[in-house]
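After this come two complexes, each holding subunit A, first together with subunit B and then together with subunit C.
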Partner chain A sequence: MSLDIIKFNVIYRDGDHSIQALEDVSLEIKAGQCVALVGESGSGKTTLGKACLGLLPANADHKGEVLLDGEEIDFSDEVALNRLRWKRLSMVFQDGAASLNPVHRIIDQVAEPLIQHEGLSRDKARDKATRFLEEIGLSKEFHNRYPHQLSGGQVQRGLLAMAMILDPAVIILDEPTSALDALTKGFVAEVIREAKGRGKALLLITHDLEFAMHNAEIMAVLYLGQIMETLPADEMLSHPLHPYTMALGRSYPAMETARDLGGIRGDAFYRIIHQHGHGDAAQYRHAHIQVPKLSHSGVHAPPTGCLFHDRCTQAIESCTEGVVALEKVEDHTVRCLRRGIVTMLELKGVTKRYGKTAALNPLDLNVRSGELLAIVGETGSGKTTLAMIAAGVIKPNQGRRMFYGHDMDAWMKKDHKSLAKKVGVIYQNPAESISHRFSVYEAVAEPLTIHGEKKDHAEKKELVKSILADVHLSTDDAFLRRYPHELNMGALQRVCLARALVLSPLMLIADEPTSSLDPSVQAKVLKLLLDLQIERGLTMLFVSHDIGLARKISDRMGVMLAGQLVEIGPSSLVITKPLHPYTKLLIESARGNWEDASEGGSTRQIKIGCPFRFRCPRQQEICAREAPSLRLLSNRHVACHFPYT
Partner chain B sequence: MLSRQHIITYGIALVFILALNFLLPRMMPGDPLMAIYGEEALVAMTPQLKAELVERFALDQSIWQQVGAYVLALLRGELGYSYYYNAPVFSVVLGRLPWTLLLVGTSLVLSTILGIVLGVESGWRRGSWTDRTMLAGLMSLNGFPDFFVGMVLLIVFGVIGGIFPLAGALTPYSGLTGWASVADIVTHMVLPVTALSLAHLSGGYLLTRNTMITVLKEPYILTARAKGLPPHAVKYRHAGRNSLLPVVTQTGIWAGRVFTGALFVELVFAYPGVGYLTYEAMMARDYPVIQGLFLVVAVAVLAANFLVELSYRKLDPRVSRAH
Partner chain C sequence: MHINVKKEILGSGPAIIGFVILLVMIMAALLAPLIAPYDPQQQSVSSLLAPSMSHWLGTNHVGQDIWSQLLYGARTSLLVGFSVGALAVLFGSICGVSAALIGGLYERIIMRLVDSLIVIPMIIVIIVIAAYIKPNILVLIVLLSLLSWESGARIIWSQTLSLKERGYIAAARSFGARKSYLAWRHIIPALGPILLVDFIYGIRRAVFLEAGLAFLGISDPATISWGMMMRDALGFSYLNVWQWWLVPTGIALSLTIVGLTFIGHAVEPIIDPRLRGAEVA
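The block that comes next holds the complex of A and B.
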């Protein structure tokens, strides 16, 4: 009982152009396994489901194989297909009640395959269907109803019963939960679990990432007909490797995610293949991505390269060329030239001492491209030192700093300016970080002057204005001539932001950028920051003492204590299920429960053992002897001997 | 099954029809007796008869008493007396009714079934050669009125071919009995039934084909195909069944005009049905018969509507909720 999809291609013909719906999709679903197929609408999910049953419309051409239990399905033979359909391979269609015939009773529709395939009499088939429907939780009084007389949940039960009535080996579930509330979804999950237990192979097509994570073993991420990544389902939110997977996860309102919804910049439309003017249509080489904004001008996206590159936040020049193949990275397969999300910043064993005081103990940190990493912790835990080392503003005593794959110190020695151009910094106090002698224009244009960019005055002014517009500030000349003391804090911080962004940096380091702002202005600035991050694909290191705020904006969160990271992982996990007692303490304090926050003396100068042990409710004898080191535990890293598990 | 609202609706319609039938002759200028009985009656009119008629219709009494007399007469099955046929209108109409029912009923059933089957098959094969041929053929057939088709049939198969009789519903004075008489009636029916069926075939066909094309795009058709059902089951049990409603509506409308709809064809074939009777009555200005027919036809329309509504519920369970 398995389903093997091998290099499957589907093209919809439509006049002089065609739409590439699927390209070289390969998926393997073993017995007892559920594979989830996720992706935005239009990515080709449903097309794949229908294709497996040979239900593609007449204008669809396909190439590639589908093996059912190792045996190829012949899609040209309708008679053979009809013997196989439903009996060995069935599908739950996505349209709910619309997938049921309005003029037949639900019981008859469930019983129909029995009559057709097993030659049962109408009465016997109805008896069996009755039992099936009751097992799946549709009580007898509803069996004789018509689809329009049933609720969404009842319809879904009917559809599931119908799909399982012949006990097929492979079941394709197309959006089985999209019309259901959270409670009703439970029974679909139950049916899936039970079917897996009986060795069925399941293909779950869904945009419900959370449902997929909990019910599937493997997840395949489809984008414009290509599989971008296959990954263990539970790593969807915590450890995506493809930028698209990350962006998709960020767009999904999972219960666990704390961060505000992100979305993905740009839009995907269709992949159009133009047959006019190009020779070999069978090569599928002239595939264009038709993006709405481009389609208006009649220009198409470049014909080659990664399909996602114009929306990708880490795309480089070579992403626009050639064909990108799937590659094995860790236990994922990823279709990305850069082997998945790249590491923007890497700190290895970085330390910093101020005189005798250790501000940073040896510390490792990775910031992935396009993510927003928040560093939280109490005062004096070394957050700002970390941020300044990351920004290249101060030098660490020991350790290596890598930025964008290059050694930062060597880079700085050679050419400090070109590094500084790639890293933007925003400081805590906007009033102090802009010279009061500079007008708004001068402040924002200064980095351009320093780096010798845009020598032409008019051009420079244009750029400054566009950046000011990006941060939602006025662009009229009167505003450009204003001085810092004439602006309020919110506007001033936005000027700082404009100043940090004017050189289009790869990374933005923000040290408490909003702590001097009142909540309403803070909310505006943060929203702006998030929008800019999505649109420009900025990588951000966001330092804050406010864990409540950090959780609303960050993808990952690192918790600092005494110059060390004690817990680092997806923000959602860190917030909902903190492992380290210190993290828990921070969260509880943020909630206003200060009872546990007993003072336990200075934590910094502890040379031996866990720095948190004096305040720790869970401390034991080993905590005094041995400092815990970071280890991987439930999808994140934690440094604690006795974490909450 | 039927709501009170429905019954009230039908009641109102019936009252309205009766009122019209009652008022029209009385509103005509001149002598109401003449309006009710026509010129034919004047010939036979004697003061004695006149007095009797005035009394029967309560013409010398108040309008409400006239209404009462009218309703009572209706309840007794009295539609009036035709002096042209020299028989009660009721029995005149009743004598013609079976023939029309036979003629129109047969062609109604035939053309509806054939229209549905052709429509389903044509819609299923949309764009194919078969579909396009059928579409073109039936579209052009749609352009011809039934009497024209009837005349062509009559000339080709009756006059030139001599296969079928030219007129009437049975061979007069043949003395046939049993199966032989049935065969005689059938041969007389063939041409008029064909003419009527052909004329109405394209309507049902076009409606079914159009609905079929829409229905085939519905998700439940995909479900049916995915279930591995053979084409005929998908076509008829799932798609065809859902394409029926508009055709049934159309057939219902036509069935409502069952007694007059065949007027021209009955004329062409001199078929002794209600349509032919209508023609005769009009030519003879036989008002009682015309009024009787008016009543019968109106009631028939109501009854047909009622039946169509009943069948809707059977065909599409969703209708029982709609009003």
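The block that comes next holds the complex of A and C.
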């Protein structure tokens, strides 16, 4: 009982142009397994589901094969197909009631496959259908109702009953939860679990990522008809490898995610292949992505290369060329020229001491392109030192720093400027970090002056103005002539932000950028940072002592204690289920529960053992002897002998 | 800390007096050829005359007009003063700023040099050197400059060290700014007031030293200088010529130094904010 989809292509013909709905989609669903197909609307999810049942409309051309239990389905043979449908391969259609026949009672519609395929008499079929519907949780008084008399959840039960009454080996569920409340979703999940237990192969088509994560084993991410990534379902939010997967996950309101919703820049609509006029087909046929707002004469570059490149925030020049193939990376397959999300910054064993005081103990850190990593921790835990080492402002005593795949120290020695151009820094105190002798214009233009860019004054002014507009500041000349002491803190910090962004850096390092702002201004600045992250794909290292704030904006969170990271992982996990007692203490203190915070004195100068042990409620004898090292535990790294599990 | 130098100076009464005095001296020096009634070098037989309408302050022992000499003496004093002040600030800021910015061995060498110059009693060294080479005015300027930049360099160095850690300079560095950019665009403007104080005290010191050296008779005898005039006048102290020869010269020198001191005193709080009144935030 398995379903194999091999190199499946679907093209919809429509007059003189065609829409490429699926391209080379290969998917394998084994018995007892649920594969979730996710992606934005129009990515071709439903087309794939329907294609498996041979239900594509007449204007669709397909290529490739679908194997059911190893044997190819012949879509041209309607008779054979009809024998197959419902019996061995069935589908729960989306839109609930709309896919039921409005003039038949629900019981008759559920009984129909029995009559058609099993040759049962009407009464026998009705009996069986009644039992089946009751099993699935639709009580008898509803059985004789028409679809429009039933609630969404009841219709969904009817549809599931229809699809499962003949006990097919493969079930395709198309958006089974889209119109359901959370409790009814639980029932669908139960049905899926039970079907998997009986060795069914399930294809779950959904945009409900959390539902897919909990019910599927494997997730396939579809974009404009291509599979961008297949990955273990539980890594969807915690460890995506394709930029599209990450962006999709960031857009999804999962319960555990505290971060504000992101989005994906730009729009995708259809992939259109068409020709103008009736000239030579070879010459006039071309393909492009049709974006809803643009008329089709607007964008005409045929999309070669990665389909996602114009929305991707880490796209490089070569992403627009050639064909990008699926590749195996870790236990995912990824369709990305750069083998998935690249590592922007990598610190390996960096240490820093000030005199005899160790500010950073050997510390490893990775920041991936496009993510926002928050570093939280108490005062003196080494957060700022870490940020400044990452920014290249201070030099570590030991360890290696890699930026964008190059050794940072060698790079800095050779050409500090070109590295500095790629890293923007925002400091804690905006008033301090702008010279009081500089006007707003001079301050924002300073990095340009340093790099000798935009020598032409008008051009420079234009750029400065556009950056100021990006950070929602005034762009009139009077404002450009203002001096820092004439501005409020919020405006000043935005000037600092503009200054950090004016060279279009790849990475932004922000050291407590909002600690001097009041909450309303802070909210504005943070919202701005998140918008910039979506639009420019800025990678951010965000240092904050405010864990409540960090959780609202970060994808990942690192918790620092006495110069080392004691817990690092997806923010949602770190916040909802902290493993390290120190993390828990920070979160509880942020909530205002200070009774747990026992007095422990300085944690800094503990040479042996866990630096947290004097304050730790869980400490045991080993904690004094041996410092715990970071280990992987439930999707994150934690350094503790006795973590909360 | 934003220091408004203009406000700082004009807000002080003595500073205004100092400026007026200095302005008068500068005018006298600049206009000397126009307002001096005689060539100050020209000797005549009518020596040691008492003041009269033709010789306002009489004549000296070789018959030179004292009033004209006084005017030309201002030229020497101020020329030496301003040149030495400027050169000392220049050396001091080049060494101080570069030492603080570059650091390392270079900084150690420069600052040890400064330390050693500070402990050497400068006046004695200058007297010894000057006594040997009898410097003309140009050599004197260079000599005084070379031996009087060190205290300024030290102040500038320490200020630069603290400026270097300022947020906006750290920010400029993180954008990839070179040291020369930092020096020109950030540090020198920020040092402005301090350089001004250093400059004024440099002038004062040089005026005083030049007069002192001339008084001791170890400068170029061909230049007219207040110090030399006082030395000559003292030779005739048994006569009453001191009233119009020694006293006006002494007053001119004292006034110049007092004027510079007043100005310097008004701008000094710039270096040390602890000297400020409470009302200046």
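Heads up, the rule we're going with is that the second predicted complex is superposed on the first by the 624 of 645 C-alpha atoms of A that agree within 3 Å, B and C clash if a C-alpha of one lies under 4 Å from a C-alpha of the other, contacts with A are read in each partner's own complex, and residues count from 1 in each chain.
We take it that a contact is a pair of C-beta atoms (placed from the backbone, for glycine too) under 8 Å apart; a residue touches a chain by one contact, two chains touch by 3 or more.
Only a predicted model underlies this, so the values are computations on that prediction, with no experimental measurement involved.
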If we overlay the two complexes on their shared chain A, which of subunit B and subunit C does A:Y146 touch? Say first, second, both or neither.
first
Does subunit B (first) or subunit C (second) touch A:E446, or do both, or does neither?
second
Which of the two partners, first being subunit B and second being subunit C, lies in contact with A:Q116: first, second, both, or neither?
first
Contact-wise, after the overlay, does A:I587 reach subunit B, subunit C, both or neither (first, second, both, neither)?
neither
Now for A:R85: first (subunit B), second (subunit C), both, or neither, which partner does it touch?
first
Quick check on the superposed pair: does A:L419 touch subunit B, subunit C, both, or neither? Answer first, second, both or neither.
second
Same subunit A residues contacting subunit B and subunit C, which ones?
none
Can you list the residues on subunit B that touch subunit A in the complex?
218-220, 222-230, 233, 237-238, 241-242, 315-318, 321
If we count contacts the way the header does, which residues on subunit C are in touch with subunit A in the complex?
2, 166-178, 181, 185-186, 189-190
Touching residues on subunit A, where the partner in the complex is subunit C:
391-393, 416-421, 423, 425, 427, 429, 432-438, 446-447, 449-451, 485, 496, 499, 503
Write out the stretch or stretches of subunit A touching subunit B in their complex.
50, 53, 55, 81-87, 90-91, 93-95, 98-104, 112-113, 116-117, 146, 148-149, 162
